[in-house]
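What follows is a set of structures to go through.
Shared chain: subunit A. Partners: subunit B in the first complex, subunit C in the second.
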Partner chain A sequence: MSQPRPSSRQAFDEPLWWLLFSAGGVCFAVLLPATILFFGVLAPLGLLPSNAITAERMTALVFSLPDLAAIGALICLPLFHAAHRCRHGLLDLRLGNDGINKWFMYGLAALLSFAALSLVALGLWR
Partner chain B sequence: MNRPPDAFPRLPRSWWLKHRYFKAYMLREATVLPLIFFLLCLMGGLWALYRGEEAWAAWLVFMRSPLVVALNLLALAASLYHAATFFVLFPRVMPLRLGRRAIAPQAIVAGQWVGVMIIGLLFFWLFGRT
Partner chain C sequence: MTHRALSIRRYLPDQDQASYWQRYEVPADDSTSLLDALHYVKEELDSTLSYRWSCRMAICGSCGVMVNGIPRLGCKTFLRDLPHELRIEPLAHFPVARDLIVDMDVFLDHLAAVKPYLIEDAAVGTFDPAAPTPHRQTPAQLARYRQFANCINCGLCYSACPQFGLNPEFLGPGALALAHRYNLDSRDSGKQARMPVLNRHEGVWSCTFVGFCSQVCPKHVDPAAAVNQGKVEAAKHTLIALFKG
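Right after this comes the complex of A and B.
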């Protein structure tokens, strides 16, 4: 058996990964351009008003209940989108074993999502 | 006995270099690499904010380093390329109708770009004004 064969077991979990991938794709396309523009480019280049992103203002803004949803859309869903594409990229390049890649990628996305949401929750608690 | 046709013929690893459509596909797949970098930066910012004022200032200094700015500019370009290719898929996957009339694909694509602009305006309202 040198040829890879499709598994005889049904992949019940795949719709979940594709759903997270699609949701993350929408966030990546609609929400991320502005986020990257403001926090990856404009803020570092000093093009934002200096009092707009002070630690005090950002703390009040970030450690709030609505921001829990914002982090979900800006970090968690795009992470799952990226994980899915990385997994399928490795499959396209025939690198590694998909069974392992899959759990590694989605596991990492889940772990990082949990960390991001926990940070906001911890900041809220404080 | 004839062998049944193979459902999964083995492709060489370089299959995607053979056609420009395949290359464009792989480029599109690769847009997530700078995205991952930016997401990790954003998480670093979250962690810095949690630790306090000094850490936040240090994060801003880190974000200012030329390599980080260059990678984030790449991430910005990647997000726009992803958006451009993603938005044209929408009317193909899910054509919308208004009553009995179909909405033109161009209108659906334009509507999604308006969404990008609205988010941009929201960020401007939050962070761009004094």
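Right after this comes the complex of A and C.
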């Protein structure tokens, strides 16, 4: 049984999605749990000093240039990581068409990333 | 000496297009391998059973079968390590030719596509026995690819790979591991010829890092690592191609 000649089309986009996925995986595994621990567990339990999270401090922290990078690491990259996993999950379940799923998943990640970064940028500019 | 039950998925296309299960009782002790058990069936119980085997020592890679749904080499699998009821099937994801014999042409085509041999840039001159020019390689250079060179082409990783099951056009773990093995070899200069084959959707990018290929590999080649190191190489290849235009 001989196979038909395989396609020689290069996957120029895949390295980009994979690099975003890999970078997002590291952020998902390291930075996101630390953030959740800080804001989601320690702060509500009152284990942080009372002045650690105040409205003024948070405003100054969120609307700053370093926070643009932090949002990229905490929201944008994990979004692309999740989009990559969802796309391959759909492929495994044989749902939809991979070409369309790709546009939808990475498009959604790009849109949400843009929204998150825009919010910070708007706050900086105001 | 105890007796063990062996259910084998039979497929005899000259008699019936449907496969069926057949149960055999085989004597077994602590040293009985699955291949020994199949030999017993063939020689003592049912000479119509067909299966592939050759070396009996996990070198030839012929006797791969599904054991209770997991791909394994018959010769390297001992009944003492397995549950009492055994269900033996031909390797998954390959077309079945007869009983436990599968058609591995798809794998061999994928293997050929990645050029799994040393490619030299310079033209090979005539061999002069008086002044041989060996390829020198340091232990460190050998260590880079040695693990990936242990592949015996048994195809267990293809039966373990859900992506190959979904899309047989995917080059698959075995071929990609061997491509990586030659790409890492200091004596080889064929990487430029291999990368366009690897950097396709059906190349390294079809792998979703399930990792089952590395678990079932009887020679500990770790094809999943090879494929994912191949993704780094394919990403580099793409970047270089973009800059070169």
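Just a few scattered comments:
Keep in mind that, in the parts below, the second predicted complex is superposed on the first by the 112 of 126 C-alpha atoms of A that agree within 3 Å, B and C clash if a C-alpha of one lies under 4 Å from a C-alpha of the other, contacts with A are read in each partner's own complex, and residues count from 1 in each chain.
Everything that follows uses one rule, which is that a residue touches a chain if its C-beta (ideal position, glycine included) is under 8 Å from a C-beta of that chain, and two chains touch if they have at least 3 such contacts.
Small disclaimer: the values here were computed from a predicted structure and weren't measured.
When the shared chain is aligned, subunit B and subunit C each come close enough to touch A:92. Of the two partner chains placed around the shared chain by superposition, neither subunit B nor subunit C is touched by A:100. Of the two partner chains placed by the overlay, only subunit C lies in contact with A:19; subunit B stays clear of it. When the two complexes are overlaid on their common chain A, residue A:79 makes contact with subunit B while staying clear of subunit C.
Touch criterion met: A:61 reaches subunit B, while subunit C stays clear of it. In the superposition on chain A, A:11 makes contact with subunit C only, while subunit B stays out of contact range.
In the superposed three-chain model, the partner touching more residues of subunit A is B, compared with the other of subunit B and subunit C.
Looking at the shared chain after the overlay, A:52 reaches subunit B, while subunit C stays out of its contact range. Annotation: subunit A residues 3, 6, 88, 92, 94 touch subunit B in one complex and subunit C in the other. Against subunit B, in their complex, subunit A makes its touches with residues 3-6, 25-26, 28-45, 48-49, 51-53, 55-56, 58-59, 61-63, 71, 74-75, 78-79, 81-82, 85-86, 88-89, 92-94, 112, 115-116, 119-120, 122-123.
Per the touch definition, subunit B reaches subunit A in the complex via residues 6-8, 10-11, 13, 16, 26, 29-30, 32, 35-36, 38-39, 41-43, 45-47, 49-50, 52-53, 56-57, 60, 63-64, 68-69, 72-73, 75-76, 79-80, 82-83, 86-87, 112, 115-116, 119-120, 122-123, 126-130.
Residues of subunit A touching subunit C in their complex: 1-3, 6-12, 14-15, 18-19, 88, 91-92, 94.
Chain contact summary for the complex, subunit C toward subunit A: residues 95, 103, 105-106, 109, 113, 162, 166, 168-169, 196-197, 199-203, 205, 208, 231, 234-235, 238-239, 241-242.
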